[in-house]
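Read through the structures below before going on.
Next come two complexes built around subunit A: one with subunit B, the other with subunit C.
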Partner chain A sequence: MALTFPSAEWVEEFKRQINLSEAYKKAGATWTAGVVALIISAKPEIGLTEDVGIWLDLHQGVCRDAKIVAAEEAQKAPFCITGDYVRWKQVIKKELEPVKGMMQGKLKLKGDLPTIVRNVKGAQELVECTTRIDTKFFDE
Partner chain B sequence: MGGYTGKILEINLSNGKIETKSIKEEDQRKFLGGSGLAAKILFDFFDTKVDPLSPENPLIVMTGPIVGTQFPGTSRFAVCGKSPLTGIWGEGTCGGNFGPELKFAGIDGIIFKGASSTPVYLIIEDNKIEIRDAKDLWGMDNYTLTDSLKERHGKEKRPKVLSIGPAGENLVKFAAICNDKGDFIGRTGMGALMGSKRLKAVVVKGTKRVEVSHPDQYSALRQSLITKSRDAMVAQSLRSMGSDAGMDLGMMTGDIPIKNWVVGEDFELSANLGGPSLTEKYLTRNHACSFCPIACKRVVKVDNGPFKTDEGPGPEYETCATFGTLIMNYDLAGVIKANEWCNRYGMDTITCGATIAFAMEAFEKGLITKKDTDGIDLTWGNITGAISLLHKIAKGEGIGAVLSEGSREAAKKLGKGAEEFSVEVKGLEVPMHDPRGFHGMGLAYMTSIRGGCHLMHLALGVEQGMSTYTEAGFQENYIGQTSEGKAEMIKLCEDLGLPCNSLLICEYVAWTLSANDLVEMVRATTGFDFTLKDLLACGERTWLLKRGLGNMMGINAKDDRLPKRILTPLKEGAAAGSIPDVEKLLREYYEIRGLNEDGRPKREVLIKAGLEDLAKKLHG
Partner chain C sequence: MPYDAQLNFVFWCPTKIVFGENTALDIGIEVEGLKCKKALIVTDKDLIKNTDIPEKIRKALGSLCVGIFSDVEPDSGIHIVNQGGKLGKELGADCLVSVGGGSAIDTAKGIAIVLKEGGELQDYAGFQVLTRPQTPHLVIPTTAGTGSEVTYVAVIKDHLEGRKLIFGDYNILPNVAILDPKMTEGLPPRLTGATGMDAICHAIEALHSSQKEPIADGMALHAIRLIREYLPRAVENGKDMTARGQMLIAANMAGAAFSNAQLGMVHALAHSVGAKFKVHHGLANSILLPPCLKYNADACGDVYLKVLAIFGVNIERIRPEEAGSAVAEKIIEFTKKLGLPQRLRDVGVPEEGLKECSELALSDGAIVYNPKFISDSAEVLKVYQQAW
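The block that comes next holds the complex of A and B.
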């Protein structure tokens, strides 16, 4: 059954997919820089009435915790990527590569850039993990 | 017109005559400045058939109307002429501070004609212009020379220096021109052209201002563009890691050539050589070109070891690739040392590194041996050997003399199939962006006027997603490993990129701005009532003029090709199995550009672009 993005169920499945992924285990093995948070900006016209945060506690190739949090909480993470709903949808559908999206200003990154660049392969594998989730979008 | 000083110097180095001329407003509107205007000057006044190292080949230094206005990214200048390396149109641009200083001295550009019988340099202090003896400077490397000239001409008055090192003096075909140690007119051998005139340096000091047509509009626009440029993500990336930020990302996308273009992936290489590594291990501080809010330049130092280096300008991405991934060297300190020597001697790091990679493959295949190299071991990865060879190239010693001609000529001399691994287009070694990962870049290489070029158009940023200009007709997003739609993309990249090039706007800054921002900069500065359509028409006109010059210098359709090495699929990496569809790319491009089968622009296309004289030259 398709899981709505974003939702607690979707995030739970995302954590499961990350920890199933041998590719992420390898690519993310050197990640010790802390939590990565995603913020999906509100879009009331499709039913997303407020900003939603996704908290990913990643450490050395393992996702230790994943949960929905308030956007204010997500902002406290050492790495925080913010984007409109349409952009996150494009990322999950592999229509927008996230680093390209950041460069073009479609996704906003807060955090140490060299660390992200060093671990860009890990970021790519995380996106691959999202594509394995049977996802339903608010506006479809 | 605002932005222009109205004064071009014409210096005859054969007889010492110094004259001034002006550029017609019509040509300013049609070609803007930089290499566009330089191409028009060469077309109007000079013979395209001359030997590039003869006194008849002009060396044209040109700024543009926006240079020196303090808009972001407008410190650049161009140097142009017939290329000693390729035998066709040559040009290079660079940042730094020379361009604005020339404008502050009241000069838009300089045309050097003839050749001096003895070494000389030119000193410009506002209206005081003199040719001086440079016998005591001949032989100096660029760093020592720059320091000497600044000391001589009033260090506290901050003169700016343009110079050649020993490589230019020795007519190394890919010799570069140096601006204040860290910025270079790298490509196409303009340093050799300067050396053939025995012109060692140009020193400039200026105290004037660049006047703009609409000061209020300029002030407001300048402030908003500085903020926009500074805050863009790509700017943050460049500020924190320099252009070498492209190394780690490039390894992910199949952008980086490895081992003379035969290996597809090596993440250990990119981890060792990439932007984070350079920043963490060797960076002492950032440095910015004049008026730039990005500050992508690196200042580096290697504290100890065999590649110990005093604090000085650090390597760009291209150098980290040519002296790194291309020759299988994992040692970033070695890259820094090679970069320093190329800077001191004054050599293009792209052609130099690529020619050394060629030599390493020749060594591997037994076409050259240690006997030929005077004992230098050119095994893959041996950066010490590469640096030893670099010295020989700069001095023209032994095998260095052969390699100083560039890889195309070296391959001809070696024979025995060496042409297969000389990776060049029209004689210019291909830069470090793999067309197997980005098919559009392959088309850009094939059709670029000066040969394998990644900069005179906007393809790098557009195809790799750093920028897009949907208001100019671009798509929002492009897929690298397809040839579909790339002809239209490249034509647009050239039509928008060439005005940026002619205006001397830094490509990195251009990535952070919109196409309409660029139009507004032109309007506020010059007073030209330009629209985006006019800007794109300028770009098309400039491309056609330069292409026509290339045709007159001998280029035709058979030269629009990619080397065999790039058309061989890789076995691993992000671009594994992918090669550009050359036939489709060229067929579609020729059609939308309006080129004949022989590679010449059609008569009616030239006339429509306002190039009637060129139409007569090419078609009678």
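The block that comes next holds the complex of A and C.
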């Protein structure tokens, strides 16, 4: 059954996919920089009435926790990436590479870019994990 | 690789460009054009000490100038930006006029944030996090290389933490850039050569970047044509105003090109030796460009053929896979004529420091866009060793 993005079920499945991924385990093995939060900006016209935060507690190739949080909570993470719904949809569909998206202003990164760059392979594997989720989008 | 239907990109360069001898003296008109009345000049100690340029700009601004902040140093730090922001607030500055090279311009980009948003610069580290236009910023470059007057990035060092913070945001793109050849007239030959090589690296890296796109290509290719013709002239005779002017235009076009298409491994490696051993950025780029071209040769021969053609080589009998090595040789020939050092060992880099630089280079934003993906520091080390 397709899971709606974003939702608690989708995030739980994302965590499961991350922890199933041998590629991420390897690529993310050196990540010790803390939580990465994602914020999906509200888009009322498709039913997303408020900003949604996704909290990913990543550590050395493992996702220790993943949950939906309020945007204000997500902002407290050491790395917080914000984008419109359509941009996240493009990321999940592999139409937008996240670091390229940050450079072009399509996604906003709060945090230390060099740390992200050093772990760009891990970021790519996280995107790969999202593609394995049967995802239903609000606007489809 | 030719472009195909999958091509998509953003090209963003809203900076107004003013060019011509003595146009820097029109700075007041440009400040008023932005509806500003209180300009803070941001410049560096050397320029104040060794030239009359900041004073000329102050006089040209007249009553529009509320002060000069001249504490900028090479590798500007967040503490310097925060001091500048504090002074700007005290003086009620409503715009910034940066006068200098990359450090002065990047410092002013940082001050623009602090003045508008409050707090301290380190609160805004990241990419595209600002939500509104920042303090208006006018730039008068005194070198022809960085292109920082048309880029959306400021690199500012956190001296306490010993690392460079990157601030990338379309909202810090300067509003106006005044390219006045007179402002670069006094630049010594070696600095002219080194900063010019920085510009050609911007252009070549924009061309081979994995985020390359046609608008940036056009600007980069023309920048290379101008640099090939005018950089030797500017080094030979600093008073050649035609050469000085064309070099400012070349650096500007290369800056706009790489600000959109991004860079690659040359800059990642140059930033690292710069951070560890204080090698001048332009010199580091100049030395590292040839081995990096060879490293990337099998990935972008078609691009390097275009560069070769600009250097006057008949490319009909050169296969794309040979083009990287051929361009590398041309660059070496070019930099020898400019009298620039050829090896990292000549600019104070110890061989035992290369390994640490190799690790550091993998954290540099520029490396993400190298035409060949690199995640192994051993590969980077080999390139450094060739340059050493």
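By definition in this document, the second predicted complex is superposed on the first by the 140 of 140 C-alpha atoms of A that agree within 3 Å, B and C clash if a C-alpha of one lies under 4 Å from a C-alpha of the other, contacts with A are read in each partner's own complex, and residues count from 1 in each chain.
One rule holds in what follows: a contact is a pair of C-beta atoms (placed from the backbone, for glycine too) under 8 Å apart; a residue touches a chain by one contact, two chains touch by 3 or more.
As the structure is a computational prediction, the values presented were derived from the model and not from experiment.
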{"item": "Contacts of A:136 with subunit B and subunit C, given as first, second, both or neither", "value": "neither"}
{"item": "Touching partner for A:26 - first (subunit B), second (subunit C), both, neither", "value": "neither"}
{"item": "Subunit B versus subunit C as contact partner of A:93, first or second or both or neither", "value": "neither"}
{"item": "Partner chain in contact with A:104 - subunit B first, subunit C second, else both or neither", "value": "both"}
{"item": "Which of subunit B and subunit C A:113 touches, first, second, both or neither", "value": "both"}
{"item": "Touching partner for A:121 - first (subunit B), second (subunit C), both, neither", "value": "both"}
{"item": "Footprint overlap on subunit A, comparing subunit B with subunit C", "value": "99-100, 102-105, 108-109, 113-115, 117-118, 120-121"}
{"item": "Complex contact set, residues of subunit C against subunit A", "value": "9-10, 12, 125-129, 163-166, 168-170, 211, 262, 362-365, 367-368, 375"}
{"item": "Residues of subunit B defined as touching subunit A within the complex", "value": "232-234, 236-237, 240-241, 245, 248-249, 252, 267, 271, 274-276, 279-280, 464-468, 477"}
{"item": "Complex contacts: residues of subunit A adjacent to subunit C", "value": "99-100, 102-115, 117-118, 120-121"}
{"item": "Contact footprint of subunit B on subunit A as seen in their complex", "value": "95-97, 99-105, 108-109, 113-115, 117-118, 120-121, 124"}
